[in-house]
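Questions regarding the structure given below will be posed in turn.
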Amino acid sequence: MLEVRDLNAYYGRSHILQGVHLRVDRGEIVSLLGRNGVGRSTTCKAIMGMVSPRGSVRFQEKEIAGLKPHAIARRGVGYVPEDRAIFPRLTVLQNLELGLKKKGQKGRWTIEDVFQLFPRLGERTHVLGGFISGGEQQMLTMCRTLVGDPDFIMIDEPTEGLAPKMVEQVSMLIQEIARSGISVLLVEQKLTIALRISHRLYVMGRGEIVFEGTRDEFEADTSVRREWLEV
Amino acid sequence: MPETILSLKGIHKNFGESEIITGVDLDVFRGERHAIIGPNGAGKSTLFNLVSGLYPVSEGRMELKGHDITKLAPHRINRRGLSRSFQTTNIFPKMSVFENIRCALLWPMGFGHSFWHLCERKKALNDRSRMVLEQIGMADRALMPAGALSYADQRFLEIGITIAGGAEIILLDEPTAGMSRHEIERTVNFIREVTEGKTLVIVEHDMGVVFDLADRISVLVYGQIIATDSPEAIKKNEKVREAYLGKEAV
Amino acid sequence: MKDNTAASAMRPFVVKSLAILAVVAIILLLPQIFQTRFAQSLLNQIGIAVIFALSYNMLLGQGGMLSFGHAVFYGLGGFMAIHTLKMVNNGVVPIPTELVPLIGGAFSCIFGLIFGLISTRRAAIPFALITLGIGELIASCALIFPSFFGGEEGVSANRWTDVTLSPLNFGRAGEVYLLIAAWMLVCVFLMYLLTRTPLGRMANAVRDNPERARFIGYNPHMVRTIQFSLSAFFAGIAGSLFAINFEIITAHALGMMASADVLMMTYIGGVGHFFGPILGAVLVTFLQLVLANITHAWLLYFGLLFMCMVLWAPNGISGLIMLHEPVWKAGLFKKLLPSYGRALVPGLVLFLGVIILVEINYHLSLSTNPESPMSLFGIEISAQSAPPWIASLLLMTVGFLFFRKAAFQVRDAWDEVTRRMRKGEH
Amino acid sequence: MLEFILLSCINTLIYGLLLFMLSSGLTLIFGLMNVLNFAHASFYMLGAYFAYEVSTHIGFWPALVFAPLGVGLVGIFIERYGLRSVHKYGHVAELLFTFGVFYVVNELVILIWGRNPVAYKIPEMLDFTLMSAMGTEFSAYRAFMLLISVSMFAVLFFAITRTRLGLIIQAALTHPDMVGSLGHNVPLVFMYVFGGGAALAGLAGVIGGNYLITEPAMALNLGPIVFVVVVVGGMGSLTGAFVASLLIAALQTFAVGFEVSLSDLLALWGVSAPDAGGFFHDLLRIEISHTRGMMPYLFMVLMLVFKPKGLMGTREE
């Protein structure tokens, strides 16, 4: 579904991504792990066209590197950024409506589905986005991207700063998304959820991929963990 | 009884509706290496931004060497002997590496806003700039524009700017972010070396670095410090394990 | 070994001193070479413009402060100087003419300090707006304080006095040139030295990253304020020299358009290098005086030139020159020349088309009798007939198409050169 | 006195709404794109000149439609082929670019229409006295201006709060990147907003150009005042711009009526002004009405000293 080859990105003159490659197949949950500042978010932004990439990004057999973000989004790529980016002056409902690419768009997920799944959001349709809790914001931002009917979605650090109960809900939603046929690239720092729900994992260090493999391979290879992830 | 150099009393900080720091009390002792750890979003960087004066505190009192610094502007706090680094690289990108360091030395060496001295003519200033460059291992790149350095080198320069002035208390915000194990080791040694005899407060994710460097550790969770203790005691602390490291603590 | 290093350390010093001496000699000899009245006046105005533009670059280039009201300090200095001259004329105070610019400068500096405190709290856009407002404020003050600003007709005085330090009495334009040249050399030298002082360095640091500057002990507001008032000082000197040169100054000198002129002059010269504004001042003043005699449309050409610079050469002429320095050193400059040559011809064609269009339009809208024939490049044409219009549009279209093609060739040539230089490095 | 107050109130309202018509576009563009459009008052001038041209050939009513449209197109062209390409050099470069546009438009207007004011007149149809109260005449054209500006704000308000494009604009004010990655073409939206802001300024020119005067200096005269409005109101705040527009209009309108000077005040206290010449003489003789031109700037400077964020500003450094 998504194939990234030799992806490079620069901020000013500093070389942030140095030849990243990764692959996500249909219906898969793939995790991208790594410490703060190794370039995970930049990878997402480069795929999304928000930082100008050099290299190849093929999505559903077509090259998308170099396109504008909105064009990439219209091809079916969704992105949930780390900072959630809820529009604070718009209501919950308006936030969701902006997720639709066209007015009245109907896809795998509709706004009604979202409200059914998360009654909490349904109760607060007319509350301004700036006045809902962090957990609700996380749900809202994921749902906002979902109603735009992407075939592939990148989720950047969805559990950051959430209470354990919310974390549980988020990971359930991610699995739900994958079941509906949407591929997921999950960017995480913590291992707990990533290990539990993803099919394959990539580990990033300093602008390149330093490990790729299945869950079992990852569990077996403790040296990667030690060098690039934890403690 | 060790002497307290930095003391925070009942610090609160809210941005609009959301309260990020919800009552922090902390005493940092002179000469210790103090690490602040905690999950993402716990407010560690915010705490640094409060202490260094970038944000005004909503409530509470901060003292540096016994003087109230609660309402002081960043440059005033800096002049009292507190220097900090940033999590995201924050240097002077268009100026040369040497110039970056030299600028950081101007105020501590008493040049102030003077426009009657020529920087080139001040031997002590230039000697010390070169010394700091040697320390951070960048003497060979002194004339390169700082923006053209590699990411890791920019991180070193960032720390270089922070320690150059010889501040008594140094705050480092995730100095090893984005580095490999190898570079991290180099950085830890370097930090240990340059903060010898000074007070260090460090925010860090990497537990290896924390347990390696710190004399004492504070754990910040949801805007509150739930424990401050020696590394060994923190490792054993049940509350910390539960709140932060999780059940699968490695 | 030791002697060797000392000698090699000495060499740049000697070369530098010789170069400076040569420049001083040339500046002093210039009026001997160009002796017409026009040349005299041009040289005087260039000298003034150089100081003014450099003082402006202390804000824009070195401090990252885009000011739309810098002429305020030029004008205030000028008015102070002219009042001082008047008092000397009336025998109230015996101040030698050579030192009058110092008084104008000091006067501006005081106002610079006051306005600097108000306006430099923030840089970039808010600063630009505030300077614009202060500029307008002072300009409108000019109308209600006639005793200082002289109302519509301005203030005039006589520069010819016996109260001088030197044997000169500044009756002739040539003598004024010496005064201007001397002040110009001193000011250029001082402003150059300023860039190398702690304040100058911190101005750069604050320009690049004000937040970080606060964490190495500096208050960006204070650094900017001091830089701002020093810049006002030099602008005041330039304004005083203007007053001495013309013996009259009006409120136009401190208005918005005067501020715009110095901004555009400096930017065209280039703000990234110290010598940029000097180039800009020389070029623009020259064009201004020469072209203003030939065409009414000078300001339009000036504006278009400025916009082209903003769009395609944001570092100005000096930036363009310095871009070629490494290419020249690598001996690859000749690789670029063919593509430049190919771009030059269509560029000139395009330019010619624009000129014809502008000139016939000016003739139609401004001349008393639009039907009368006009002369363009020595050719008599009628602005109301079709041929010149067609010719102009044709030239513009053809020129544009070929110029675009040539622009791609220039880019390719540059890519090639950069590739080669990279290879050479490794 | 009552008559003066009534007259001044009406003038304030008209002038204030005109100012707001200009500053609303400017504030919106600033809030959205972080571009301070120096050429904004040039669009106002172009609106007046276009309207003059159209109304001499076809009539005023077509001009009311076509002139703002034309100015909007000019704005779109400038955004698409100029501003967007200097964006990569930063905000100062963008400001310099719009400053260049301002300068060149000024010269082009002189080139095409000459240096003298053109005879852009109020349409005869509206050139009569609508009503007069307490000796004050209220012309139909003023009523028309009020009508146009008020209805325009109704449309603008509706467009921003109710339409999908308005929602996208509001969202892009805080998170332009996110709006893009949801599949909305943000650069295109920016272009429309820039064009819309220009058209708004153009409309102000159409209805203001004949009420005031249509001449090459009109952009230079009004431009800085519009900036004052934006600064005083707080950068990027529409409500702030509205309040500041009316405030500054009131300040300038009411100032005209007070022909009182310091020496008159002193005379009230029984002190007669010393008859010395010079600076203090000037100071004592200034009548409040003379300060009309400098009022806005003085107000702005005072504002900056005491409340640098502006009336309703939320932005910090």
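Chains: A, B, C and D, in written order; residue numbering restarts at 1 for each.
Methods note: a contact is a pair of C-beta atoms (placed from the backbone, for glycine too) under 8 Å apart; a residue touches a chain by one contact, two chains touch by 3 or more.
It should be emphasised that the depicted structure is a prediction, and the values quoted were computed from it without experimental measurement.
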> Which chains lie in contact with each of chain A and chain C?
Replying inline: B, D
> Which chain pair is joined by more contacting C-beta pairs, A-D or C-D?
Replying inline: C-D
>> Taking each chain's centre as the mean of its C-alpha atoms, which one ends up farthest from the centre of chain B?
In response: D
> In whole angstrom, how far does the Cα centroid of chain A sit from the Cα centroid of chain B?
Replying inline: 31
> In angstrom, rounded to a whole number, how far apart do the mean CA points of chain B and chain C lie?
Replying inline: 44
> On chain B, where are the residues touching two or more other chains?
Replying inline: 93
>> Going by the touch rule stated at the top, which chains touch which?
In response: A-B, A-D, B-C, C-D
> Where on chain A is chain D touching in the complex?
Replying inline: 48, 50, 68-70, 72-74, 78-79, 81, 85, 87-90, 94-95, 97-99, 101, 103, 144-145, 148
>> Which residues of chain A touch chain B once you look at their complex with the stated criterion?
In response: 12-16, 35-39, 130-131, 134, 157, 160-161, 189-192, 205-207, 226-228, 230-231
> Across the complex, what residues on chain B touch chain C?
Replying inline: 52-54, 73-75, 78-79, 83-84, 86, 90-95, 99, 102-104, 106-108, 111-120, 161-162, 165
> Along chain B, where are the residues that touch chain A in the complex?
Replying inline: 16-18, 39-42, 87-88, 93, 147-152, 154, 174, 177-181, 183, 205-208, 246, 248, 250
> Contact residues on chain D for chain C in the complex?
Replying inline: 34, 36, 82, 85-86, 89, 91-93, 95-97, 99-101, 103-104, 106-108, 110-115, 220, 224, 227-228, 230-231, 235, 277-279, 281-283, 286, 290-291, 293-294, 297-298, 300-301, 304-305, 308, 317
